[in-house]
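Following this message is one structure expressed as structure tokens.
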């Protein structure tokens, strides 16, 4: 039963990833090509659909399916890169605090507490607002803001691992501290960090969508799902599908990542 | 009519049999000790009587009656009317058995008001009396304290006082001293024995300590691998043990003067068998010097006042 | 207890100070502030004038200390865009955001605590699985999108609720519900695991042995202990909600602090932006502090 969720998550995430990678093969349309003659044509299940545009077109006549497929690239790339940035920061801090304890740990705990006090969306919006929107900036800002859970989990698991026999043995054998951290501690806490990585990736994708929705994420005309919802907002009362389609895509992607994370958590035997 | 009558009790957790034939009768005003090693099913038996078995446990019995009232068809709601009122129970872990969020007084008073009604004030007065009775000094002060402010021995005294709030006829004590310091153990046992005779309680005392049994029990039932293997009045059991397991158990007791200094105490070789669903017969046969093919059949508990479950006794 | 409170207060002060520094640094990221304030059509003279009048010509450290000393007493300077004192702007908008946050938290608690209890009592049954599924689905939905969908459904199709603005209590229902959505999964899971732990504890066995009613066992004995972590997380969630209200307020055009911050960001009105960041952070710190105190009150073991 629990495994079913894990496999379902992997399957959906795999499909979305493949769709993102092979987007040019799946649609012949250019996600940026405008055609004002066929603005807001409806998707296939509605009356009067244009057979050439399966999911219809947006307010500028761009093919919605193409934008959706290319949009998956934006979400996935930003999600993965953010996790890499925040993971490096958080894991480093967590391992250092958990391994050395004392003053180092006090500093790490203080930084975690401070980070939690900072309103993420607001600061991210402010930075993007001040420096101008770009996908790179979104990754950097989110990466610099979303490391807290990595640090918390890396810290507590490192503390557990530190007390184990093989780490003491490595000490006794005269291994250097960085060597112990990288070759003894890190591999043993990776499974817990993998769970955090999925949670943070899901969060990063949702936040990118929210930032783009508010006009301060990735810049148009990039096909971000958040941006598609923002652009569809003016037409949603008459053509509700323009926000349903990218919203459901976002929902399914995040759900798949969370299913994967929950499944991993059960495998790791972690109750957090 | 006996106070508590259990006939042929069986309890299973999934595919594991925890109790597979327990026969225990507790008379009014007697102390009935149940002895056996950990995992022999003695605690499960007591929890089964109270209807406190964990979710997923399956229970069936030939008869299970309290004061002639059949407990088996009772719903949780009906049973809860009996528990804490006419039959009470104290547990092995005094440190965790009290709710950390409420004061001693509040936890004691609620048993009284739940079953007997009356005001909270009256219940608190009763609680104070009982705390004094179980030997707690400054009972008025203790009423307002939280469990974490009390030592393990004090908490067990509170548990005992709480169990007595409604003058129960039956008190089940599941290894009440195991988690305590040795000096405190003796105090708590003495207290239980004294309260039992003073209040005329039927006391079902579960223990693995034969020394305790010798001191307080009127009657003893020995359990092994989920079955009661022998049951007799205390003096009779110590003088004339019938079941090979009971004999082995008594040989393990260090009795001063019985063995020459420097010689080893008796041990029972082997291990307790794994009690799967289809396990039949005597659980002790793999460790028993008298084992024979007939031991693999179901063996009834036979005898009149001194009962024994062994092919040799038949 | 006094020691505990003091330590928490010092920590809270240090965190606030760090956020203060960050908020200041944040606004200096864009390079020359004078140019952005003066606007695209400004001449070199205008820029110089702006620079002098806002004190931007002085050394950075001096600017920082000037700002900190004024911010410490609640003076955040003047907004460039609104031409009003920043503190007045924030005070004026704060009730909307606070109301929104409290409505959101209330809805979240009212939904998640019963769901968590139900799941715990029916652990490993279909009820439990449905509750966990709901939590998981809720976690995957983007808040702003739910807001829009609700607008279409309840606002337009059913016409039950107003789609934007702040006139009446009805205006807070949808945005509050959307905010609640973000907190429900975490609160439900926490209630569930806390209740499962409590229900499996020795003191619950004692309560059953005492013959207490099912109601008393669940709500008096188990929930009281399971509620402790929920209180902590609830206050943290309220902090997150206030911080996250920027998205919901702009979806529903609620003129609260979040909306103010969003407007200010788009207008490059940096005194407002840094003040809002600081105020929200301090509120969060205050909330976690309050939660710690409340926990100490609720848990006799912490009272010592």
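General observations
Note that the chains take the letters A, B and C in the order they are written out, and that residue 1 is the start of every chain.
FYI, a contact is a pair of C-beta atoms (placed from the backbone, for glycine too) under 8 Å apart; a residue touches a chain by one contact, two chains touch by 3 or more.
By chain, with names taken from UniProt: A, C = ABC transporter permease; B = ABC transporter ATP-binding protein.
Predicted model, so just to flag it, every value in this text is computed and none were measured.
Interface comparison, A-C versus B-C: the higher count of C-beta contacts falls to A-C.
Taking the mean of all protein Cα atoms as the centre, the chain whose own Cα mean lies nearest is C.
Centroid distances built from C-alpha atoms place A farthest away from chain B.
One finds 57 Å separating the Cα centroids of chain A (ABC transporter permease) and chain B. Each chain gets one centre point, the mean of its Cα atoms, and the points for chain A (ABC transporter permease) and chain C (ABC transporter permease) are 22 Å apart. Taking each chain's centre as the mean of its C-alpha atoms, chain B lies 53 Å from chain C (ABC transporter permease). On the side of chain A (ABC transporter permease), the complex with chain C (ABC transporter permease) involves touching residues 1, 110, 113-114, 116-123, 125-127, 129-131, 202, 206, 209-210, 213-216, 226, 229, 233, 236-237, 240, 243-244, 247, 250-252, 254-255, 258-259, 262, 271.
Interface residues of chain B facing chain C (ABC transporter permease) in the complex, by the touch rule stated above, are 50, 52, 76-77, 79-85, 88-89, 91, 93, 96-102, 110-111, 114-115, 146, 148, 159, 162. Only residues 201-203, 205-214, 216, 221, 224-225, 298-301 of chain C (ABC transporter permease) touch chain B when the two sit together in their complex.
Interface of chain C (ABC transporter permease) with chain A (ABC transporter permease) (complex): residues 11, 14-16, 18-19, 22, 26-27, 29-30, 129, 136-137, 139-145, 148-149, 151-152, 156, 193, 236, 239, 242-244, 246-247, 250, 258, 261-262, 265-266, 268, 270, 273, 276-277, 280-282, 284-285, 288.
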